[in-house]
Structures are given as C-alpha cells and as structure tokens.
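As written, the chain order gives the labels A, B, C, D, E and F, with residue 1 at the start of each chain.
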Amino acid sequence: MRSNGRKSDELRPMNLSTHVNKYAEGSVYIEMGDTKVLITATVDEKVPPFLKGQGKGWVTAEYSMLPRATQSRNQREANRGKLSGRTMEIQRLIGRALRSVVNLHALGERTITLDCDVIQADGGTRTTSITGAFVALAIAVNKIAEQHKLAVFPITDYLASISVGIAGGQALLDLNYEEDSKAKVDMNLVMTGSGKFVEVQGTGEESPFSREELDQILELGEQGIRELIERQQEALGPIAAKIGSVNASTGV
Amino acid sequence: MRSNGRKSDELRPMNLSTHVNKYAEGSVYIEMGDTKVLITATVDEKVPPFLKGQGKGWVTAEYSMLPRATQSRNQREANRGKLSGRTMEIQRLIGRALRSVVNLHALGERTITLDCDVIQADGGTRTTSITGAFVALAIAVNKIAEQHKLAVFPITDYLASISVGIAGGQALLDLNYEEDSKAKVDMNLVMTGSGKFVEVQGTGEESPFSREELDQILELGEQGIRELIERQQEALGPIAAKIGSVNASTGV
Amino acid sequence: MRSNGRKSDELRPMNLSTHVNKYAEGSVYIEMGDTKVLITATVDEKVPPFLKGQGKGWVTAEYSMLPRATQSRNQREANRGKLSGRTMEIQRLIGRALRSVVNLHALGERTITLDCDVIQADGGTRTTSITGAFVALAIAVNKIAEQHKLAVFPITDYLASISVGIAGGQALLDLNYEEDSKAKVDMNLVMTGSGKFVEVQGTGEESPFSREELDQILELGEQGIRELIERQQEALGPIAAKIGSVNASTGV
Amino acid sequence: MRSNGRKSDELRPMNLSTHVNKYAEGSVYIEMGDTKVLITATVDEKVPPFLKGQGKGWVTAEYSMLPRATQSRNQREANRGKLSGRTMEIQRLIGRALRSVVNLHALGERTITLDCDVIQADGGTRTTSITGAFVALAIAVNKIAEQHKLAVFPITDYLASISVGIAGGQALLDLNYEEDSKAKVDMNLVMTGSGKFVEVQGTGEESPFSREELDQILELGEQGIRELIERQQEALGPIAAKIGSVNASTGV
Amino acid sequence: MRSNGRKSDELRPMNLSTHVNKYAEGSVYIEMGDTKVLITATVDEKVPPFLKGQGKGWVTAEYSMLPRATQSRNQREANRGKLSGRTMEIQRLIGRALRSVVNLHALGERTITLDCDVIQADGGTRTTSITGAFVALAIAVNKIAEQHKLAVFPITDYLASISVGIAGGQALLDLNYEEDSKAKVDMNLVMTGSGKFVEVQGTGEESPFSREELDQILELGEQGIRELIERQQEALGPIAAKIGSVNASTGV
Amino acid sequence: MRSNGRKSDELRPMNLSTHVNKYAEGSVYIEMGDTKVLITATVDEKVPPFLKGQGKGWVTAEYSMLPRATQSRNQREANRGKLSGRTMEIQRLIGRALRSVVNLHALGERTITLDCDVIQADGGTRTTSITGAFVALAIAVNKIAEQHKLAVFPITDYLASISVGIAGGQALLDLNYEEDSKAKVDMNLVMTGSGKFVEVQGTGEESPFSREELDQILELGEQGIRELIERQQEALGPIAAKIGSVNASTGV
C-alpha cells in the first residue's frame, strides 16, 4: 500500500494550467500531487555566441527552488553566490531533453528559455518540470510560428518525464518525496510521444539493481509517460495537433 | 484619469490568501493588481551569531523576483553570483520594517525569515511584500506563541506599506509600473496600526519636491495604510485581536 | 546637553578643502567633526551601455570605508569578494542624489564617477559624502564646461545632505556616532539650494515616530542644509555663481 | 570500420599503473587509448559535518581537466571562479558510483577523496575516471584496513564503467572523442563485479532511441565492464581477493 | 638630470606623521614626493588558526589603492570581487618583511594588521608602505609592551625599503612613476638597521642585467635605506631607543 | 651532508621529456628529483585587448598544483573560487621571466600560454616550471616560425631558473622541500644563457642575510643555471641552434 492509497502504477493527481503569467510568451503551472512548479517560456530573438550565423535556434532551461519549497528552508543559491551541482545537473537535463524534440533549424535564430521555479517540492521536481516545460515551450513556439508564418512547426514530437523507483521490492510509478527517500533505485525517464527514450537516468547508490528490475522500471515508466502526454494534449487544445505533424511527412 | 480607471486615492484590487504552503510556519499569497508575491515565514530555533545569548530573537527578510516576473526576462541573481544593490536594499528595508513591530525579547531566541518571492511584478513589489509579510509573520508568531505558551504576544502593532507618487501634478496612491515610471516623485511609506511612521523613503531624482507636495503624499499614504490594515485583520481572523493587545497594557 | 557641548541645532565643526588630489578632475577633503571623507571626481568621455547614443551623460558614485575608519577594524569588501548591502545602498543614494541637480543632456555623453572614501567615521558618513561630493562634482563639471565651452552649465542647483535624529525626546542636528546609536529615529535628508527635497529617508526601527516628530526633523534639517550650502559656496569660489544660473533662465 | 581499426565490441588499448604518487594513500595512472587520467586517493581521519557521530565514513570525488587536455585550450575553472555544470555532474557521478560498493560503516569515520585529473582527453574521461578511481580507492582502503585491523574489508564488490554509443546504426563500445561527437546516443554505464547496474545514464539528445537499441547497448556495456574488472584485478594483485569476500559471507 | 632636479642618489622629499587616526593602535601618514600612503596598525588579541596555542603572535598586512590614486581611475577590487595578483604580491611582501624584525614569541598571542592605503601613487608605493608601516607597527607594539609590561621589546631591528632602478645607463635611487616606467631594471630592497637584506626583488623584464649593475644597485639602495631609518628614528621619538636594544643583549 | 647525499653545488637528478601531449603546440614533462611538472604551450592567433593593433605578441603563464601534489591534500583553487596569492605571484613571475627572452615584435600578434601543472611537489616548483616552460615555449615558437616563415627567430636567449638557499651556515643549490623548510634564506634566480639576471628574488624572513651571503648565493646559482641550460639544449635538439642566433647578428 502506498502512503496516499495509490496503486503501484498510478500517477499522483495532476493539474496543468496554462497562460498563468501576463508577460511570458508561454507559461504553465503544474501540480503533481504536492509538487508545484511554475514555468515560463521566454523568446529572445537571438542565439548564444556559439550558434551565431548557423541559422539554428536554441532551447535552454533554468531551474530553481524557492527557499521554503521544502520541509526545512534552503539557502538561496543567489546568497551562496553559485548554483549547486544538483541545480546545474537538473537544468542541463531539462534543456537537453526539450531540445531532442525541437527542430532547431525550423525554429530559426532565436532562443527559448524555460524557467522552472519550484513553488513546493514533494519529489519528482525535475520530471514535473520537464512535463510542464514541454507545454510552455509548445505555446511559445506556436506564438512564434503564427507571427513568423513558419512553414514547418518546429516541435517534432511530444515529450514527458516521470520517475520510477524500487521500494519494498516493488517498482513504483511517480514517487513522492517520502517514497523517494526510501527507494533503493531511482530512475528518471524522459520519453517521446512515439515511445522512444530521450533520457534514461537510473541510480542505485543504495543498492545496485539487476537487469530484470531495470526492465520492470522501463515498462512502468512507459505507461506513465503515455498518460502524461494525454494530459499535455488536453492542455494544449488546438496546438496539440500541430506537434510532429509536418515533420512526420517531411521526415525531418 | 488613471489607466485602470482608479481614483487618485484608490488602491488596486487586492487579494490576500493565507496558508498557501504546506511546510512553512506562516505563508501568504498577496496580489495588488497584477503584482503577485508569495511569502513564507520560516521559524528557526536559533539566532544569528551577533545576538547569541542575549535572550532576544531576530526577524529578517529575503526578496527575489522570478526571472519572468517582469516585461522582459531578468537574469537570475544566482547566475550572476551576487545580489543586486536593489535586492539588498529591499530586503534590508523589509526586515527593518517588520522588526519595528516585534518585541524581540518576547519572541525569545529564535529567528523568523520572511521569504518574499515576486511571482509577477507590476509596481509596488516592496510595499506589497511588507504588507503580506506582516501577515505571514503574525501567523508564524502565533504558532510559536501557542506552542511555547508565550506570556506576551510578540507583535506590538500592525504594519503595512504603500507607495505614493506625484505624476501629472497630482498625488497618486499605489502606483502600478506604468504610473511609477512616469512619476516625478516616488515615496514608499511604512506605517503602524497606531498611525506612526516606521519608514519614510521618498526620492525625487527626476524632480525635487516641495514641503507641500510631501504633506499631500503623507496624507494619501496614511489613508491607504489604514485600508490595508483592515484587509490584514480580515485575513488574520482570530489572530488579529492578539496583536498589540498585551503590549498595550504593559507598555512594552 | 550634547556630548561635545553642541546645541541641538548646531552642526559639527566643518572643514572642506578642494584640489587635494593631483590626478582627479575634481577632489575634496571634507571633515564634519571626526568624520573625514576623501572624494575624487573622475570624468570619463563615455557613458554606460544603457545610455549609449542618447546624447546624455551620467553621474555615479562609489563609497567605501578604510578598514580602520571605525572603532574596531572592518574586513575589506575586496577580501570578502562582494559589497555589503549597506555599501550598495549608500552608493546608490549618493549617485541618485547628485543626478537630481545635473542636467544630463547639458553634460553630454560623459560619465562622472564620485569616489567617496571614508578615512575616519564618526556618524553621518553618507550625508558628509553627498555634501562633499557635490563640490567635487561642481569642480569637475566646471573643468568640462570650460574645455568644451558648454552653452549651459550642467549643474542646476546646489545640493547638500544632513542627518537629523530624535534622542532623549529631542530632535538633534548632525548626529555623531555616539548620538546616532542612541537615537530612536534616524533621518537623512538631501535638499537643494532652492529648499526642495531630493531624498527623505527616515527610519524608526527602534521606535516609530509621529507626524509631529517628522515635522520637527524636517525643519531642523532644512536649516542645517542652508548652512552647508553656504560653506559649499565659499569652497567653490568663482564656480559658485555658475550653478543654476543659466538653467534658471532657460527653465531646464 | 572504426577509425582505429577496432571492432564494435573492442575496448581501446588500456594501461593501468598503481603507486604513481609518493604522497597519496592510493594512486593510479590510467590510459584508455589517448584518454589519460591521474588519480589519487586521500584518506582523511574525519567526515563531513552532515555525517558526524554516525560511525560511518564517506567517499567523494573531484574531477578536473588540465587546460590543454583537449584539442583547444580550456580556461581553468579556478580562473572562472567556479566549477562548470559538467564538472559538478561528473564528480557527483564518480562519488555516488564508488559509494555504492563501499560499506561505509565498515570504513569507519573517515573520508576518502578521489582526485581524478585528466591529463589528456579523447572521450570517456568520466568512465575512465571511475574505473581507475576504483583501483586507487581499493589501495587506500587496504592501507586503512591493515593499519586499523578492520574486521570487514569495506569494499563490497568490484566497480567499473564504460561508455557505449550508437553511431552509423551500430552499437559501439568505448567511444573515443571522434566517435562520441558523431554518436546519436551516448550511454554511460557503471556496473559491479556481480553484474548489477549502479548507474545507467543514456542520452539521445540528437535522436531518441528505441527499447531494442537500449537492449543492445546494455549487452555491449556488460561485456566491456567484465573485461575492465579483469584488468582491475590484475592491477590490484593480492588486494583483489579481499574485495567483497568477507561481506559476501556476512551478508552486509 | 632627473625630472625633478634630484641627484641619482637623492631620495624624494619625505614627510612622515604619526597618530593620524583616532581609533588605531598605531597610525602613520607618509609622503615620498607625490606618493602618499595612510597606514594603520590594528592589534587583535588573537592569532590566526594555524598559530593557535603556540605562544606566538602574527604580523600581517593589507594593501590597497584608492581608485583615483593613479593617473587614470582604477576599478575597485571590491567591485571586481577579488584582489589582483599585484595586490596580493605586495601585501604578502609587506607582511613578510615586517615579520623579519619582530620577535613573534615576545609579542605573545596577538595579531597586528597593517593596513596600507595608497591615497596617491607616484611610484614606490610598496616600498613607501613598508617604510611607513614599520613606524606604525612600532607605535602599536610599544602600546602593547607598556600595557602588558613585556620583558622584551618585540621589535628586533629597524626596517625600511626603497626602490632602485637603472635608466639611461645609470642607477637611480627612489624612482617616481615616470622614471620607473622608463627603467630597464627595477629593484625593491628591504633592509634592516644592521645593514642586512630581508628582501631583494629585482626584475629585468625589459632587459636582463649584469652582475656589475646588480652591485651598483645594492650600494645605492643601502645608502637610501640608512637615510630612511634616520627619519623613522626621528618620527618614533622615545620609542626609537627600544628597538632591538633588549634583543641585542639576549641574542634573540 | 645533504639528505640525499648531494654536494652543496649539485643539482637533483633531472629528466626533461618533450612532446608529451598530443594536442599542444609545445609540451614538456620535467622532473627535478621528486618535483614533477607537466607543461604545455598553447598558441592563440590573437593578443589580449591591451596589445591589440600594436604588431606585438604576448607570452603568459598559468601555474597550478594538483591537490595531492603535496604531503597533505590541498583544496582546489577552483573550489575556493579564487587563486591564492602564492599562485598569482608564481604565474606572474613565470610569464615575466619568459617574456624577457622573447622578441614580441618578431613573434607577431599571437599569444602563447604556458600551463605549468605540478604533478608532484618537492621544492622548487616555480624554478622547475620556468626551466621546463622555456623548452615548451621554444618548441611552440619553432612551430610558428616554420609555419609562418618568420625572418627572425623570436627567442633571443636561453633562460633557466634555480633556487639557492642558506641552511646550516652553508649555501645549497636546488633545495628540496625538506631543505627549503629549514633554510634561513631562500633565493630564486632566473638567468639567461649570456649570464645576465632576469629575476633575483631573495627572502630572509627567518633571518636577514649579509652582502657576503648574497654573493655566495649568486655564484652557486650562476653555475646551476649553466648546467640547466645545457640540458635544455640537449632536449631541444636542432631547435637549440636557432635561439638567439639571428638576433645576435641583427642586434634586436
């Protein structure tokens, strides 16, 4: 029995609202149980120096937690004067994952920055950020596509992320903080709408895991991702149909 | 005529919700028009080194804006590796203002940190932070008072803050961003429930102001503060009556 | 009775010497009692990036204390690797105050930096810095005006600053450190030669203050400022007459 | 055909020397093709603050590249004043991986720091660091075990790491830099001597990968790890037999 | 002919005033021509961690230049967030030089910090700092010696410093900035009252120098140092006689 | 008798290998006894901002020690977020010394960076770095000279460095760490192939030294430098003959 009465393959109650910020080109507020993340997508009509003049765009992410998003208060990284290794690792992951479903040439020379600010944390903040950031990104990209009459919609596929762990000898989907801290194995998966893997990040620091356990985890995760993508489609409304459509035909 | 149809002495629509964070000892979400601030109060059972062993507590504040709280995206201070002068000035102001209505001896050797995170900014983020932070502080102090059966309730008076400006030759209450950027004078006032001044911070960088203009500003501000304090009392419910009550009789 | 035998409305003995640095375009050494500040004005023939191409100049300030300016030694901010909030607040104040009496268009695309280095501190270092920096600025501006034959003298009015406090139930002008640390209210005023307010910064952290007390403070301050401006005029000699003169007629 | 004539499942020429530093408690110089890493293990008879008094030890790692380890020179992180996200991610990975095969209670209250300094980089620096660091760790732990007559040898299993990628439609073992930059998928595996997974980190930023491709990668990796562990055993000589032996019997 | 009419072996006009700061335990204002340095000695009744419990004291120095001490304004090191290599090199030199004539055991477990702040720079700031800092140190040490009735006066010998250069084929004593920037060789010497060398730092970046040139430099420097020490003795008055006296007899 | 049986004027066993890095334009691995330094020379086809457009090149150096190069582990400077004063002093010295034998005009607008990374330290790391860096520099310069068919070989003379100390009343050449920590005087000399001084840096913090002692030190150093330059010539092979040759005839 899971603490909140969930079944082993059951996601937490999920809420996904769009257009929650009056200035940003795309914005999402997402809740997975008690994990709450506010995400904005900002479009900048230029690219980082290393991409200049290549006719390609860029997608990047920043991640942060409010000091009291957690049980006990965390010092702000701005006060410590630097980002923690954990923060950098997470924001690199979010950016990399999102880029895997963006046709950067179709996007043109512009940068989209996804700011994922965790308002409250109860496990799965990085996976929730990715799932929500995909929606904010799609809204912002749609705005660009409409303004600039892009021939190809630059998002090639859906993308969502979920955690799976093994605790008490059983694989569990979408761990909350309490479950996560007891889990022997912790796996974060990022997958596309077509069922392919973008990131597989599993750690068995407490206890190495077997190939069989890995297989169980992957199956549970695949199912969770499918549910998340349905929810993203609902939230995106008419934009949903544009994703991957043109690219499928052109084979980009 | 003000852009949003307000009268010169009219506050923006205000929303003040409490208990919005599951971990913090006190929490408030406050909206003044399109300015939105999330505030948590964290209680720590120890004091900073400079206060150790004096039997007194401490109240301090931190202030931050999410990158896309504003029209164009701001770089995170954690990325720049240091706080801006503006941020430091604001968080020093919030802490100092709140301490003026706290009986630090009655609080005992504990620290309360008010985290004011601006979710969306449309002028008046520092004054909105102070008004909201007072409520979060009162909730957290009440929790301490009940747990530790404090003889004296450590909050001695109400406290709220508002901005007043002079624009188009007229004094205006509670400026939004558009009004603020056109104002010749910008004054932030922090006042107590008993109508005294805690902070008077007026700047006439664009155009110095006369004693008569200062008087007008002070009157408008005084009236705005009274309204804000009424709203704080509603939000605090039964805690409202405890503020200042014991101290009034003991003269602390 | 004040510790040094001063009356409540009496300034400390003041000394203001000019041309104390062989390299700077303007320089002042100012003593207000035991508070001693060395100020240089540096002219740079370019403006910060945010002002480029606007035909306007800029005036900015930096403030620092020597480690042993105070009773006990302070660690250098260069060693701590960052400026304190107090330093940033003060240097923002000095710059803002000075700009209020400079016609930045008349100055042209150049930056003047006022470096205020406190040699010895005994209260009122920020107000003394402003009073002295105005003189250093005027000397540097005069040099520019003569070299470039500016049609309009870019300084529109005099500017000085003083602190006023309430201690022992009485308003006191120009607090030294000992008085300042006992004062219940501490107000810093910046005013122009025409008697207008540029900055009003009053804090009653220890004890909120009433409207009547505020009025007393303002009157005492106004009188102190008038005396300071007379001393500035003496120090400036022939430059004194240029300030505000042309601008008064052109209505800038 | 691979650039250096290797078969798809063939490791690069490997060299592993021990005792290469006269001061360190354990040291290794490891070459995998043109990737060269110098590793020292330092024993410190205390633990980080968060572990104090728990009777447990700690194993941690630091990773750095010499400026000219790469094709073009990289700025030193000491000059930039902070570690890059990549460096932090790698050193967190190395530490976490090594801890998975250390019985921290058996180690006692001491910290072992593995410094992995990349002398020359040609792909696979993080996996090479882990493989080499395990050997340096075992030598240092053996020294502790002998000096303090530990009842249980604190290393519970072997540990090695390898990268596998998919390039040109084929899974390739142990990518060099040229292969890595062309690969569509890049997977780093950390496995134990008993064939379990400690870390599975796969990224398909360029092109998401299917479940079948993942399976191929895992098989190739498993085989590579077995070969690496044989080389570690040779390098460790008499220490090799101590690893995991006692723990196997006591079931720690 | 030197620019200011000096002979090749002639020091610049020198001024050395003591007791120029109302708080510091020792203070000196020294001018060598247009080079002006303010020096304070601060006594702290504890030692740095690495010396704790050894019964020895410590002498250290910090060095800084005001931004407009030089021809063109220098950015403050506090703003850049770190000390330059030049600053660190100079303050290490000053501290090391002063310690060479202090009997740290006789000083007892206390630290003396010499703050050397360059008010105006015209060459020779480091040597002028050492010469002045010695006097500030002696005054502070004398205060300690009197308060704590030390049996042995902890300063064992006089110490002064001067620069010598070779320009236009001729060795010149006490270079000003203009001479220094034209010199092919630049040597800073620190010597004791008994004519021994404490520091010999000569650089021929522009042009290596011969043994004969080195000998000329050393002779000129030796003579300059003797004159400087006479001036230190005058400035120290009755303290002068205590230096080295007891130690000479006890052979410390 | 010296700890390792050396005579007072005997260098430690020396090993100098070239071409040890596959990417760098010049590289050297040098051992002086147990001191081991890896040096790479990187050529960059541009110059620092302060040299732009002057038709001159630049030579600079960076110095670092691996954490366990020493008896006890040193924290990485990248982790502390800044370089120590010692590191900055050493890298300034290495750069300055090398530039003294480079004709920067003949080099053209390019920068050569010498990275000196100390793999193991046993005294004399800065002098060993200079001696080795000269060889790496010559190899890189030779590559430039051949590619760009430079008319004048830009290295004007040989350059090497050695330490000399006085311990037990005797001058000793090439101190190891143990000797260095006991020495009363520590002198680092940098000299050219034509026997001139480039740097003379002697410190008698523990005990000031006389003119006679200085003379002894200089003689011992001169002899050591001659031996080192012979070893550099052997290592450089055919490049050796190019150094200083053309310049001698053209009088550059």
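We adopt the following convention: contacts are C-beta pairs under 8 Å (C-beta built on N, C-alpha and C of every residue); 3 or more make two chains touch, one makes a residue touch a chain.
By chain, with names taken from UniProt: A, B, C, D, E, F = Ribonuclease PH.
Source: prediction; values computed, not measured.
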Just to be sure I understand the contacts, which chains border both chain E and chain A? none
Chains touching both chain A and chain B, listed by label: none
Which chain's mean C-alpha position is the greatest distance from chain A's? E
Just how far, in Å, is the C-alpha centre of chain F from the one of chain B? 61
If you average the CA atoms of chain D and of chain F, how far apart do the two points sit, in angstrom? 35
Distance from chain E to chain D - Cα centre to Cα centre, in angstrom: 52
Quick one: which residues in chain F touch 2 or more of the other chains? 81-83
In which sequence are the chains arranged about the ring, given a start at chain B and a first step to chain C? B, C, E, F, D, A
Footprint of chain E on chain C - complex, ascending: 21-24, 27, 34, 38, 40, 42, 44, 62, 64, 66-73, 76-83, 87, 113, 115, 117, 119-120
Considering the complex alone, what residue numbers of chain D touch chain A? 82-86, 88-89, 91-92, 96-97, 99-100, 157, 187, 191-192, 194-211, 214, 218
